[in-house]
Structure formats: C-alpha cells, structure tokens
Amino acid sequence: MALRLPERVPGLPVLALVLLLLPLFLGNEFHLDIATQIALIAATVVGLNLLVGYGGQVSLGHAAFFGMGAYASAILTGTYGWTSIPALLCGALLVAVLAWTLGRPILRLKGHYLSMATLGMGIIIAIVINNEGWLTGGPDGLAVEPLTVLGAELSIFDHYSLLGLEVSGAMLWYGLAALLLLLAVWIAQNLVDSPIGRALRAVHGSEVAARVVGVDTSHYKLLIFVISAVYASVMGSFYAHYTGFITPQVASFEHSIELITMVVLGGMASTYGVILGAVLLMLLPQLLTDFQDYEMMMFGLILMLTMIFMPKGLLPTLSEAVRRLRPRPATTPASGQE
Amino acid sequence: MFAEFLQYLFSGVTIGATYALVALGFTLVYNASHVINFAQGEFLMIGGMSTVSLLAMGVPLPLAIAMAVALAAVLGVALHKLAIAPARKADVITLIIITIGASIFLRGLAQIIWGKEFHAMPSFSATESVNVLGAVMYTQSLWVLAVAGVLVLLLALFFTRTLMGKAILATSMNPGAARLMGIRTQFVLMLAFMLAAVLGAMAGIMVAPVTLTAYDIGIMLGLKGFVAAAIGGMGSGVGAVVGGLLLGIAEAMTAGYISSDYKDAVAFLLILVILFFMPRGLFGARVAERV
Amino acid sequence: MVTKNRSPYRAVLLILLLICGMVAPAMAAEPIRIGALVSATGPASFLGDPELKTLEMYVERINASGGVIGRPLRLFHYDDGGNANEARNFANRLLRSDRVDLVIGGSTTGTTMAAVPLVERAGRPMISMAGALVITDPVRPWVFKTPQSDRMAAERVLADMQSRGITGIGLISGTDGFGRSGREQTLAVAADFGIQVLADQTYGPQDTDMTAQLTRIRNTPGVQAVFNFGFGQGPAIVTRNYAHLGIELPFYQSHGVASDRFLDLAGSAAEGVRLPASALLVPDALPDDDPQKQVVQDYKAAYEARWNVSVSTFGGYAYDALMLAVAAIEAAGSTEPEAVRSALEQIQGHVGVTGIFNMSPDDHNGLAPESFRLLEVRDGQWVLVD
Amino acid sequence: MNQNVQQTETSRDDTARLTPLLEVRGLGKAFGGVHAVDDLSFRILPGEVYAVIGPNGAGKTTLFNLITGLYQPDQGEISLKGEAVQGLPPERLARLGMSRTFQNLQICMNMTALENVMLGRHLHLKRNFLAALLRWPSLRASERTCRAQAEELIRFVGCGDYVDADAAAMPYGALKRLEIARALATQPSILLLDEPAAGLNSTETAALEQLIRKVAAGGITVVLVEHDMKLVMSISDRVLVLDYGRKLAEGTPREIRDNPDVIAAYLGG
C-alpha cells in the first residue's frame, strides 16, 4: 500500500496535467476532435477495466450498453424533447436494470459464462436497434441534439464566452470530456482502493480465498458488472451528444471487441494502461490510412504481436522494463498492476 | 403445409451441419486450452476461397479440396506455433485477443490475395436440386450432411479408439496430470488447432456452393458456430453437433414462421435461454471444482 | 552537397533557384484538394472499392491532361470501412486537417449522413455516392449526390410491374441501410401504382440462405411478382434460392446488384431477372443517338483496361461525382467554396455515366427517372427492355 | 460482530464443555462412486486443538472442504455452535466464525502481503458502496484502522519483514504463515489449518508450532490436517484418524499412538 502510493497519488494529477497541456500540441480542430472522442472512449474503458481487470470477468457486449446510453439520449432528447441530463440518467438506469437482470443469474456460475451471455445480449440489442427504424432510425443512423446543461446548449459548432474569454464549443467539449475522464479515473481508483475493490481483486487472485474470508463473490461481480455497464451507458450518452450522429455500429459486436481489446492491449487492472490502450486503438485507424489495402492486415498483425510479446499489456510491461533498468530493493512490489 | 415445414427443415439442417462443424472446431480448441478461438471462422473462408481459386486454375475438384484443407491445416498449426504457443503463460483473455488479432490478420491477408468480391463455387453434383415430398433440396445439402456426418464419425472414432485421441481428452480434463503421464500438452494443443482448422475448412468448402464465399464470410459463420458450441455446452462434442443442428433449424423455422427480421437474434436468444435455465449447456460436463 | 561550392555567383544562382522552387508551385499550380470518403473495405466494399479505383484513375488522367483551371488535382482519400463513426472522423480530417476544397463521398447513406453536419458546418461542397432519398431531401445547401434515389428505383420497378398487370407482390429486402431504406420507399409508393405488398420479408447482410423467406413469400396468396431490394451478395443468394425453389413468378432486383459480378454469382439462376440500372451495364445496346452512349462506353473501356475487372454501376457514381466537381470548379473559375457550390447548383445537361444531371437549388441530385434503364437478364447477358 | 461472538463464547465457556463447537454426524461424500468421506461423525469442543490424520487419500482435505462449504455433502449433518450449517457457502460460514487455510496456498498473488491480510478483515469493514465511490472520510478512517490491525497480525505470525511486499515475491514458508494471518484477521472462533507444516523445514515447523499454540491460547478452536506426526502429537488435544473416508480411531495423542488399528493402517498400508 505504502509503495503503491507513489504510483497512485501523482497518477491523477499527471493525467490532469497531460489533458490540460494537450490542446497546446494539437495542430487543428480535427486533432482536438479525436482527442475528445478518445477521452470519452477511454472513460468507458476505465469502467470496463473494473470488470475485466479487477473482476476477472469478460464482457463481449459492452458496446451494447454504450449504444443503449447513446440511443436513450438521442431518442429521449430528439423525439421526446427531454433535456440531456434526465435522458442520460434514464439511459443509465435502464442499462443498470438490464445488466443486473442479466448478471444476477449468470454471475453465480463459475467460468466465462458472462462472456457468452453478454455476447448474446449485445448482438440482440444491436439487432433491435437496427430493425426498429421507427424509433432508432435504423441502419442509416440518427441525428442527435446538442448537449444541454442548465438550459444552455453546448454545440461544437458554436462559440462561447467563458470568464470573458472567447472559447470554441469544440474546446469546451474537450474540457468536458477531459473532466469526465478524470472523474471516471478518480471513481475507479476509489473503488479499487476500497474494501470492495480489494474483494474484487481477491476474486481475481484466488476466488476460494476470497470466499472463505466472507466475500460474497457473486454479489461483488454483479456490482462491478452493473457499475461498468453504467460507465458505458453514461459515456455513450455524452458520445452521442458530442458526435451528433449515431448508427447501430456504436452498439455492434465489433465495437464491443474493440473496447475489450483496448483493456487487454493497454494492460488489464491498470487504469492508466487501459487509457493508453484506448489512445492507441483509436489512433491506429488514423495512422494506418497510408497502408490502404494493407490496413486491416497491419491492424491484426500489430494486435497479435503486441499481445504475444506483451501479454500483460503495454503499460505493465513497459513499467516492468523501466523497473528492471533501475533495480530497486528486493521487495519492490509490482506497482498497481499484476 | 408439410412441404413448407420440410422446406424450412432442409434449409435449417444444411446450415446447421455447417454450424456443427465450426462448433466442433471451437470445442476441440476450447477443450485443449480453454481458449475461445475467434479465428475459427477464418478457416471456413480459407477453405472456401482457396478451393475457388484452385478450381479457377484448373485443378480438379477433389485435389483442390485436398490442397485447400492442407493449407488450412498448415495455417492452424502456424496459428498455434506462432501466436498461441509463445504466449501460453498469458491470461486466457489475452489468448482470446490474440485469436481476434489473428482473425483480423487472416482476413486482411485474404482481402489482399483474393480481393473483396464474393465468389461462386459450382455444385459438386451435376443436378442442383431434388424434389422430396414437395420440398426442394439442394444436392449440395446432401453433400454437406454426408461430409459432416463422416467427419463427426471419424472424430468420434479418433477420440475413443486411438491413443492420440485419448491423449487429447486426457489433456483437456487435467493438463497437469496428462503432462505427468508423458503427454506433450503443447503437441496436443497443436493437434487440436490443426483438427479445428481442418473441420473449419471442410465446412467452408462444402457450403461455398450454397452460400457463396468471400474474404469476410468467416465473421458471421464463426460467431454462429461459437453460439452453437455454447448452446451444446462449451466442451462437449455431442453438444456441438446437436447445438449446430438445433441452431440451424431454429433459425430457418423463425424465418419461416415468425419473423425474418429477428432470425439472427434467435441464435443469441438461445444462448441466453440456455445460460439461464441450463447453465452448462445441453451436454456440458459437470466438472468438480478443484481446490 | 553545396559545401564545396566557393563561387559566390553560383551560390546566388542556387539561392534564387531555391526561392523559385518554393514559390513557383504556389503561384502556378496550387493543387485543388479533393477529399474522398469511401467504404473501400467492409460490408459496403463493393460500393467503395470501384469508387476509389475510379477516383484514383480519373484524378491521374485529369492531371496528365493539365488539371483543372490550370491546377492539378490532389486526392486525399480515406477508407471508413462502412463505419459511420470512422466516416465522421475522416470527414473531419479531410475538412480540418487536409483542408480539402470539396468532398466526394460517402459510399453509404449512413457514412454520408454522419459526415453531413461537419460538411455543412465547414462550408465545403460534398457530393455523396449513396442512394437514399434523405441525403438530398430536404435539400441541404452543401450536400449533393450522384446516384438516383432509392425511391426512383422503386418507382421504376413498380411502374414496370404495373404495365405487366401485376397488383400484388412479395418484397424481400436486406436489413442493411440500403435494403431498409429501399424497403421503406417501396412500401411508401407501391399504392401509387395500384400494387399491394402482400409479403414483406428481410434477410441479414451476412445471411447465407434465404430459402425460408422465399418459401413464405411463395405461399402467400395473391403474390404475382417478387421484388428484392438489397445489395452485396445477398441478392445473388436470393436469386439462386429463387431458381432452386422453382418459383415461376416475375422476379425483380434493385439497382443494388447492377454489376456484371451479379451475373457471375447468380449464374443461370439470374435468367429472367429484371432490374433498374444506369446505362453503364448496356453501353453497346444504347441507340447511337443516346447522349450517354459515348460517355458510358469510354468509362467502361477505360476502367476495365486499367483495373482488369468488370465495371460496376457504383464506380459510375464516383465518375459522375468527380466530373460534376470538375465542371463546377471550371464554371466557378476557382475553388472558392461558395462559388463552387452555386456552380454545382446550376449545372444543366451534364451528361454522366449514371444519367443527365440538371441541378437546381431545389434538386441536388438532378437526375430524372428516365436515367434508370430497365434491364433483363437473357442468356447470361444484360438486355435493355425499356 | 465477531467480538460479540467471542464474548458469548467466553461467557458460555463453563457450560460449553458439553455442547460441541462443531459437530459432524453421518457425513458422506462420493466422487464418481468412490467414497471420499463415508458416514463420518465426530465433535470438536470449544478451545480444543483437534487434529485429523490419515494416509494420503484418506479424505482429510475432502472433509475440510465439506466443513467449510466448498463441497456439498451427499449425506449427513454439520452443526456449528448448535446451528445446522451443511450446504452453506463458505462466505456464509465465514460470517458464523469459521476460517481456514489451504494445503496448496490460496494467496492472492496480485496483491501485497498487507492487502491479503486486510482482505481477511472484509466482514468487519465499512463496505458502503457510495462511500467507496466517493472516498468518504469515514471509509478512510476505517481503512486506516484495518491497516494497523493487519500489520499487527502480520507481525504476530512472524512475517513483519514482508508487510509491504508483493505476495508473489514472498518465500513459501512466509506465505504459509501469511495465510494464517489472513484467516485470523476474520476473527474466527474456529480455524481449520490444512497441512500447515507441509513444505516447511524443522526451524519453520518449530515456529509454526509456537504460532498454533499462541492462537489456541487466544481462545480459538484449531482443527488441523497434518502429516508431521511429531507436530500433531505435541500440540493436539485430540486426534481423529481417517482411513478410506471412515473413522479409524479418535482419542488423545497417547491413545492414538497405542491404538493397534492405527499402527496396522500406517505400517500395513
């Protein structure tokens, strides 16, 4: 714990500093746009990591929760004229109830049954969104109203005056996304460092050990499953308002796979690792455009090689390498990750 | 009315037999390593696509099939040797992501070699369809069923009658004990990947004349095969076959009698129903937990 | 490399040359930046792939013959894989990062609509290659499109059915964007032609067997013809299943299958299938006085010579989009966005591969229903029926 | 809560000699036709050190797994403090004051030594969900206390050097004791130790013996499965001998040592 502190305490301020300085290095609005989206997706993945990295359960349907949040916000604000925050909360509640209903019977079972159940649920939700065009706009997608906070509209296309300064809507959105990411990390770390988080990590480390000291493992797995689903739903809502247009692809199986890949690539049970995973996976399509027809092959190859040579994920492997270069006393613990 | 039902049944059984073969591939690898091999569907694509291009080069059909299956087998071994074996100490989730990477890689490679277009393969028999009690059946469906039946039979014999087959079974039940008994688990794992690749390729070749084939056909067929394996109870051979057939028939019946919009949802709804009410699948083994 | 050069005279000359080298392109031939947003891979790749091939090829050709208004074209192209979110991001990259003068794309309705808000905001003309009516109806100032709308395709088919005395049909469509939108349009306009849609079936974009849906349609009383609205391999499988079930009713496809590939995939099962398509599929069957004949023949010959694959209707959309852009820039005499936009709006009688474009402030598509030719497959060949 | 349990335990102590802390009646469990535990009955009194011995495969670990709820019995009853508990899951039994260690270590290798022991305090901590999410001060105070208690326990079992070490970096002998510390952290009334001395050298075993004595002296009933006869005979109050899942003998160490059946089973086997 004591040795964990040095890694934990500056983590959040460092992330905050990076997010604060980042706009200075971004060349144009397109870069800012990508950064905003990465922050929103990274926050989703931080939530998913609670389930996968700490709970040891795999969800192959998290995009469905993301998509439900996105569509709930889009439909409730667009078709029914709600304001953004109640719509967002309504979506989150819906997702929480669904995750709870699904998780309760499944998480009592041993093994990777949650992955199958979430896969099934995720694809069904994607199919429903695709088919019920009267409500969702079908495969061609749905336009989403801008975010409204306290009666004010936050559109990336407008300009706002903030403390006497002229600020673009895009920059405000970036700030909002950065704050959301910081909040997501803060909450996730609080949870990990609490008795609940310890119980969860114990479930991953030795489920039997956790049970004999009185940890109701299925209860905590369910709790963390619901939390991670709500994370996805809330970020999905913000994402929908931000991009202004959503299609069923946000809820698709491919998107679910993308999310889980970010977790594993960046480093399971490493909050900053999975953020790195999100950054890389979101940037890859932009970086690989020059490969044209070879893009898909390159993507698969990079994914495969990273996982073969860094099975613990990018950040844990890198930080281990750094530690090896600078040997410290023998009892140095692995810092924050397994 | 009966002819209508029969028509749906033919349609369901044909695609169901394909699912069953894919599911068997999933089961083999899952038993040997607990890895859900998401690259399984790509072997269908490789089988189908290479047969098509070999045929186009003028290779006679039986030889083309043999060559395509051999290619898939080699790729199956390569997948194990190059991607799974080096990371064997990693978390199961990591291994699953590796297979996803492999699947994207193979699809990307296929797209470069064969292009993005769909290809047709001629039926194996000269007559394309026969009439049975008022319903029509593709002759190719008979091929699919016959080949699937033979493969399942061979596999069953392999596992019950040969030493190698028993070694695989032993490894799947208790890798540690199997290693102590001198079974090389890595070799067994390689064999499982190879057999899974062969099954996938055969399935891909047999259905190509019915379904057409392209570089990305493996995604959906692979996923459905996985669902079939899960319905049957991940890890059960009989379950995989029954799960596949059940899924195929359920889809055809849904499209025929209920709603074609939600035909694809049936597979995934089945998974949920089975997990809720029969968590170990139809034929899943009851495994005592070891402490 | 110039370190050993001691002659001051030479050094001055060199510096002059360098300055000229830097300034000259800016003065003489600042390239016109054309952005392309295509679905070159993924489920819509048979749209995006020929589109991208066409754009690359014609940008080369145009540059070889001196460019447009004295400036070369520079193509920035991204593959969105059919994913609307990627499309949105790449559209943003084209507009903000690559600062293109004009966008061609996307390939599908979903990818187009995801990019529309950004394009409208940035104020750059966009010429979509996707079919759905919603892209240009209602008209958005900066958004144009080259394919006929799916409603037009539906109307063309329904009109032909009406002329054959058909009053009840079975509809089968894909659940992708193209099929969904087509289905809606067909259901919306069928009554105008005195036709009832008695059976309404769908199939998934990756489905491999549609026998069950077709059996259901066949067993629906009153069905006199079947219409399949879809693209990709789905319609080819539907066609094969249709023949295999021995259904004798007239069978219609949409323009979604209008390429020779369909004939290869469906084989003999395609015999007798009718569909609306642009003139591109039957260049030689067009009467000599058809204004499109020359354009279509040239495009087909050039494309097939360059890429060694048969031409498809979708590549034609890209050809038209690029040529409309070129015509508008030439008319405007600059790449000033508003000038190009209003030039696009005023294009009249532009003969393209897809049809003859007559744009107006109220019509950002500019095609008449007649641009669709009705074709039938006979002996494995497209034959012009109407 | 556990403190209450202990209080009632001590107050009942005088009469409790008659009511067993743990009672097993007619317990049976078969795996695929093989009876691992067969019609087994015995009682453990409060404050005892009770040892279960027997040859390999005699069903000792199975018995532990049945008592601690990891296995479901086929027949028979188990009662803890007079309450029927057979079939209850381990997490419920932990609430009732039962704790255990494992023959093959069950340490969370993804955590530090301290965290492993703090995990043992799980039932005694504030686990309010919102408090955890928002890092409320009450939760932080509770964590600080928990940390201090865990550190003390680690020192108690003699692992003071490893407080902040990663479990994965600790030697085997220390992990064995760490597991005991974790079990003690739950404040159990009954502690089951599955082969605590296995793999330890003689010095470590001697230290373990002292530790078990200290634990028992604190009023905790200790049940152990052990192969080290010297250890068993020196610390146990009573010994149960299992053979093929059945009770072969039960009695004080002296009685067991002299029992002809036991000698036959051990020497003849």
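Descriptive notes on the structure:
Going in written order, the chains are labelled A, B, C and D, and every chain counts its residues from 1.
As a convention for this text, a residue touches a chain if its C-beta (ideal position, glycine included) is under 8 Å from a C-beta of that chain, and two chains touch if they have at least 3 such contacts.
All of these numbers come straight from a predicted model, not from anything done at the bench.
Common neighbours of chain B and chain D under the contact rule above are A. Taking each chain's centre as the mean of its CA atoms, D is the chain most distant from chain B. The chain pair with more C-beta contacts between its two chains, of A-B and B-C, is A-B.
Inter-chain spacing, taken between the CA centroids of chain A and chain B, is 32 Å.
Between the CA-based centres of chain B and chain C the separation comes to 37 Å, rounded to the whole angstrom. Computed centre separation for the pair chain C/chain D is 74 angstrom, with centres defined by C-alpha atoms. Distance between chain centres (mean CA atoms), chain A to chain D: 41 Å.
With touch defined as above, residues shared between interfaces to two or more other chains in chain A number as follows: 131, 208, 293, 295-296.
Listed for chain B are residues 111, 261, 264, 289, 291, each touching two or more other chains. Of all residues in chain C, those that touch two or more other chains are 41, 175. Considering their complex, residues 41-43, 45-46, 49, 175, 201-204, 206-213, 215-216, 219, 232-233, 236-237, 244-246, 261, 264-267 of chain C touch chain B. On the side of chain B, the complex with chain C involves touching residues 4, 7-8, 10-12, 14-15, 111, 116-120, 128-129, 136, 138, 207, 210-212, 214, 216-217, 219-221, 252-253, 255-256, 260-261, 263-264. On the chain B side of its complex with chain A, the touching residues are 36, 83, 86-87, 89-94, 96-98, 100-109, 111-112, 223, 226-227, 230, 234, 261-262, 264-265, 267-272, 275-276, 279, 289, 291. The residues of chain C lying in touch with chain A in their complex are 40-41, 78-79, 83-86, 88-90, 92-93, 95-97, 109-110, 113-114, 116-117, 121, 132, 134, 175-177, 180-181, 184. Interface of chain A with chain C (complex): residues 27-31, 33-34, 37, 130-131, 133, 138-141, 143, 157, 243-247, 249-250, 285-286, 289, 292-293, 295-296.
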